[in-house]
Amino acid sequence: MAVTTAGGGRGIGGGASAAAGKQHLLEMREGARVISHTPARLNTAPSRAYYFYLMLPAIIVLACITLYPFFWLVWMSLHDVDVGAAADKWNDFANWIRLGRDRKFQDGWWLLLQYSAMCMVLQIGLGVLLAVILNGSRHEKLLVTIFLMPMMMAPVVAGLVWYYLYNSTFGWYHWLMQSAGILGERSILGDPSTAMLGIVIVDTWQWTPLITLIVLAGLKRVPRDQLEANMVDGAGEIRNFFQITLPNIYPFLLIAILLRFMDNFRFIDHILVLTGGGPADSTKILPTYLFDVSFQFFKLGRGAAIALTLLAVTIVLGLILVRVFQSPTAQTRPEDS
Amino acid sequence: MASVTIDHVWKYYGKTEAVKDLNLKCADGEFLSVLGPSGCGKSSTLRMLAGLEHISAGDIRFGERRINDLPPKDRDIAMVFENYALYPHKTVRENIANSLMLRGASRATIEQKVKKATELLQIGHLLQRKPQELSGGQKQRVAIGRAIVREPQLFLFDEPIAHLDAKLRAHMRGELKIMQRELGTTMIYVTHDQLEALSMADRIAVMHEGVLQQFGTPQEIYDHPVNEWVAGFVGEPPMNFVDCLIEDRGGVLHAVHPSFAVPVTGSQEAILRDSAHRAEVRMGIRPDQIGIVTGDGGDAVAAQILLTEPLGGDMLVDAAVGQEKFLVKTKPDFQGRRGDACRLAFDTGRWHLFDRDTGLAYF
Amino acid sequence: MASSDVVRYRSPLRSLVNVLVAIFLVIYVVWTVLPLFVMFVSSFKDLLEAFKLPTVGDWSGITLFFDFTPTVKHYQSLFLDHNFSVYLFNSIVASAGSALISVVLGAMCAYSLSRINFRGKQDLFFWIISTRMAPVVAVMVPLYAIFRGAGLVGTIPGLILAYTTFNLPFAIWMLKGFFDNVPYAIEEAQMCDGATRFRAFLSILPLVAPGVGAFLVLCILFAWNDFLFASIIGSGGAKTLPVATKELVQPQNIQWGSIMAAGVVTTLPMMFLGLLIRRYLVAGLTMGAVKE
Amino acid sequence: MFYTPKNALFRRVGRRKFLELGGGAATALGAGSIAVGLNSVVTRRPAYAQSSEEAKWRQFEGTKLVFMSENTPPSFAIRENLQPFYDLTGIEVEILTDDLPVVQQKVGIDLRGGSADFHLNYVQDKPIGAPFADFYVDLTKFMADDTLPQDPDGSGEDAWFENFLTACGVYYDEGRIVAFPYDCAVACTFYRQDLFEQLSKDFEAEHGYRMEFNADTTWQNVQDFAAFFKKLREGGREDIPYGYAQHQGSFAWTTQLDIQRLLFANGRWTDFEGVDDKLGSREPGPTRWGDEQSVLIMQKFKDQADVSHPDNLANGTLELNTVYQAGQIAMQVQYHEFAASIEDESTSRAAGGKTGYGVCPLGAKEWIVNGGEAVNGTNCGIGGIGINAGASEELQRAAYLFAIWSTSKNTQFSVLKGVGGTPTRKAVLEIPEVQAARQRPTNMPNALTFEPVYDYGIRDPHFVLGPKIPEANEYHKILATEVQRCISGQTSAEEACEEIRWQLDDMHGH
């Protein structure tokens, strides 16, 4: 056969085909076996060109909305593109050189890193804890359903709701925290030292369940006999978790971390609604700063340079993610029960 | 080292009773095999011993110590799993050393014990590999190595060689038996393969549907199955069964079938006469307890050859007696052909009669 | 035989842990649900009632939260004064349209990618998925210019195309996994029966249909919840619910009741859809890396 | 099948446009107006200088225009009430509204790209006008064109309130007018008269003067008021609100204006030496930040923050008004357009005569170190309506009709009556109904503020606009950030001022 099934059985989404589909598949297989005895037209393997034509529309659309803007971005980053009168001149990498002394750019990266790290630590910690608790719990189904709800919410709406909850004038969470003596009279978003935490909390509220679900899927795949062998070897539950469970769900954790990391780059909805980067730039993570530079200062050239650094890092992360995707461990299926 | 006492143990999964009122006692240093088809409760029993399942009712004692509520790590046992359950992220050395490390043994001790175990199993050259780089047999050895390095008071084996190919399986049987003798450790070995059980165990506990059927030495199990089920399960090729009636023909009790009537022996007759209810029985006879000769005549049971299966060292003959079919094991030089008439001679000294209602053996 | 069935032994510590776990779970569930609950309840509150807050430390004052006369006027005003029916319609059409286009184009592309091998295929594949990972702000300026050049800004077709920028790579990526799982033999069999290549392709669609359906819904979900594209490319003629909700934060008056009502209107349909495709959700949100 | 807004335009994507899309790739963001007026239709029936007024209004009958505006009440009101304009001119106008930052983005990209999706723009003086002034049509040529109708009240300097036309319409060079004042937001003091009266005695006992608010009330007094309120509150009077609050939320522009009020009030300090803020400057030279006066005021501003509502950094203009509505502060300097929401009984606890409106506080003599005058520094944002120079001449002329109609006396009056607009045209105030509405009870709550605002605050020497520079938006952000750093205690007043100086000079290449 000239044409091979590429990456066959790698199995993304494979577990997803519904029972009905499987049934159908089996019937079709039966059919295939019978028919393949008739050698008639087996040689009419489709030409490669046919497949390329099928691919083309999607590729063209994607190229238009990605490659073209990308080169435009590169062009802008090398030119003096802003709102001033003398525009669009080649500027000897001034946009790039400026990044070297642009403290907000550097702070932006640093804050983005901090933000992501805080989100990760909280979400992974909580997510794993929840997953371990949920795994096999009597209420697993119900609880998972409850945890799905925040994820379905538009981040902007989530931001607004939390803005309402945090507000020092009428916010119930503010009241709760104050009453519990956790917070002073400043709202969590009104203090540069806590504003980032406020946003992290919202992000955690919305996305910890995703980590929980990912880890839960991982936990279902931890081979029971490995756990048991380790127990027999003399491990208690905690050791068992760290020695067997954790290494087994490690690819899942990695995927979760990478996905959330990239989402933190991608989505600034929460920040835009909650603080707009303030107060005192304490939540001005790089994408937010980029938003300012491009859409508020209209320094499009400078913005393009910043955007490219952001893109570069995202692509590296993406590459790592794809590696993990394709690692064999992540692809093992749940044990048949 | 310790003896193991299983005392009126029950195991339920929800409403399903997996193990029903099991009583067993395994002596110190004994090789005990728990034999039964899948779903008979043998694995549940083993897992209860290991502490991987709760004991629903009853007690299990190692020596005098009741271990019902002890977690596995406190039971001082080692277990070999059906799927080996090696830790894929650890090397062979780490896999084997795991239990020692968990118990905080010193580096030197670990090194020495791992060395000893791997030498015994001849896997010293594999120490740096990860499990996915090993063949099935090698994995098996590592799994066993992981168990023996512990020097536990009890070994638990859960169908450890079921996934190996036939030749390797035969080889491993021998090795395991030798190893157990050398270590002298009590071992409980679960299998569905009667050949494994018969060849390796000191005593066998046969289980069926959660109930212990028979507990005895391999020879006892083979020669004196307590009931029809055990008789049918143990032995390869399996025992022939035929429904018969016990009739008194001229003062001698006969097992009567439309196609034949065979008198019982004297001692057997005494047993039957003591029994009140004995009219309807089931006769069981192993293929090697039937003699076969070609041709007609004589007082032997007349039969017709349906099929012959030469197995090299032996020959299996399917013979029809009326509506019944008998499997006979004979010498390879047997000359019968399909369709030939033949005569079967039952070794009544070794056959069995079972109560048709209860399945219990008269003898 | 799931790992969750591993046996556990009772001990005082264990009981303590169980109690702690139960407490933690209750707190976590409350924490998860509370914002949604507040949103829901506040959408029936008048502004002054929404301002009611007990004094700090007065725990009994928590009942004040329920001390209000429910009003549906915010919902009414959303639809009567704020054109929310239009935005709802925009949201539905734009997200469904983009989902449909993405899945159709994506299916064609994914199917081909699944069936042939060529040099640079991995690179092409990575490029496709990287387009979805790119931060929106980074490419918004050129994108906006392109869309404006094509006269698509502020139109629903424009919005559909904008959503397609992230839904199409997603669809390709996910659907390829589906097609990979369909044996090529089925198409061969079809072709032996005399089907054309395209018919053969169509013939395996029923096999992937349930998954495709679920990912259609996921695409709708992503598009529906999007804000940046919708606000910059769509707003004006094609304002969607999230944008309209955000816009209720108006210079003169933050009408919290209306905002919360708009939040409910925006969120409820997606929660419903989310539950509908619950089985596929994890796979979808992790771009297929993880299946439940 | 797609929704088209009430007065939507038909968008025709023809073959030509596709070609242009391809060509656009080459021109990139660059020069020239590709795609002029693509989304619009122009029809023209020439009018002549001598033709009737009606003919002048109807000469573009059938034309379609787009107006991009901020989501402020005047725009909503006008959008709801476009019929008279259509009846008058036969021109269809689509009014798109968005948040100011979004309007900025869209208008910016539109203007910058050289096309004209939005023929009419909301030209908020500094955030939009200052950066994009060059992209708007000089209206003077239309004002002098007698083939176009003109407003009977005129459109020159005198027709508008003092400074308004310059503020939103003139940038960097005299003689060019790019926008007509469309609406405005002028600062004045909102204070809880009821609380002031109730507590005045106690205050007097402590400070030796009455707690009242008038044009002579200084920032030092405000400081005393706020401290007094705060002390009561800390003494356990939970029912007592905070005395004062700042606008230090995420909206950089108004955040900058908040400190500018103090800077200007105390000696008429402005950011750049020798620059007239009303006119603005493309190259304003080194900044004055970092001088003694600025450091002192920064310090005073921080002191003020310390006695104000604790959540200053979270509350922008908008949120602050909510805080006031909720009855949690006794005083705020706020934009007069918010009066309507304050006086709404259903949304405000400060409604019903509880609120008094006064001018912005006066500078305190002892705070002035540069020898300048103490004034009631009043800042404002004047929103203009401007015409996109990227649009074709014909469209520009058609847009002009809408510009003068939307800023006409009658339109402004109806908006004021309807949702509480903020007139920019002097003639509106002369309408007897408006005169009457300046006293309670009133059906135009914004009129309650007219005295401190139109009669006093917007006049020189109190009027302050803030620097009009092309980099206004970045300037606002820099100031907002550094001021917030200072009042949150991360930097000292000196450090904050020095940091501002460094960043501004870096921005301008000094």
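By written order: A, B, C and D. Residues from 1 in each chain.
The definition used in the following text is that contacts are C-beta pairs under 8 Å (C-beta built on N, C-alpha and C of every residue); 3 or more make two chains touch, one makes a residue touch a chain.
Small disclaimer: the values here were computed from a predicted structure and weren't measured.
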item: Contact-richer chain pair (by C-beta pairs counted) among B-C and C-D; value: C-D
item: Chain centre separation in whole Å, for subunit C relative to subunit B (CA means); value: 58
item: Length of the line joining the C-alpha centres of subunit C and subunit D, rounded to whole Å; value: 37
item: Subunit B and subunit D, separation of their C-alpha mean positions in angstrom; value: 93
item: Interchain centroid distance [CA atoms averaged], subunit A/subunit D, Å; value: 40
item: Shared interface positions of subunit B, touching two or more other chains; value: 51-52, 71
item: Overlap residues in subunit A, where contacts from two or more other chains coincide; value: 68, 72, 76, 169-170, 223, 228, 231, 295, 300
item: Multi-partner residues of subunit D (at least 2 other chains); value: 28-29, 105, 319, 322, 326
item: Chain pairs in mutual contact under the definition given at the outset; value: A-B, A-C, A-D, B-C, C-D
item: Of subunit C, residues touching subunit D in the complex; value: 46-48, 51, 55-56, 86, 89-90, 93, 141, 144-146, 148-157, 231-232, 235-238, 246-247, 249-255
item: Sites on subunit D touched by subunit C in the complex; value: 1-5, 8, 11-13, 17-18, 20-21, 24, 28-29, 34-35, 38-39, 70-73, 96-100, 102, 105-106, 109-110, 113, 115, 117, 238, 317-319, 321-322, 325-326, 337-338, 340-341, 344, 346-349, 420
item: Subunit B-touching residues of subunit A, taken from the complex the two chains share; value: 223, 225-226, 228-236, 239, 243-244, 247-248
item: Residues of subunit C that touch subunit B when the two form their complex; value: 6-7, 9-10
item: Subunit D residues within the subunit A interface of the complex; value: 25, 28-31, 101, 104-105, 108, 111-112, 131-132, 134, 248-251, 309-315, 319, 322-323, 326, 328, 470-471, 473-474, 477, 480-482, 484-485, 488, 490, 506
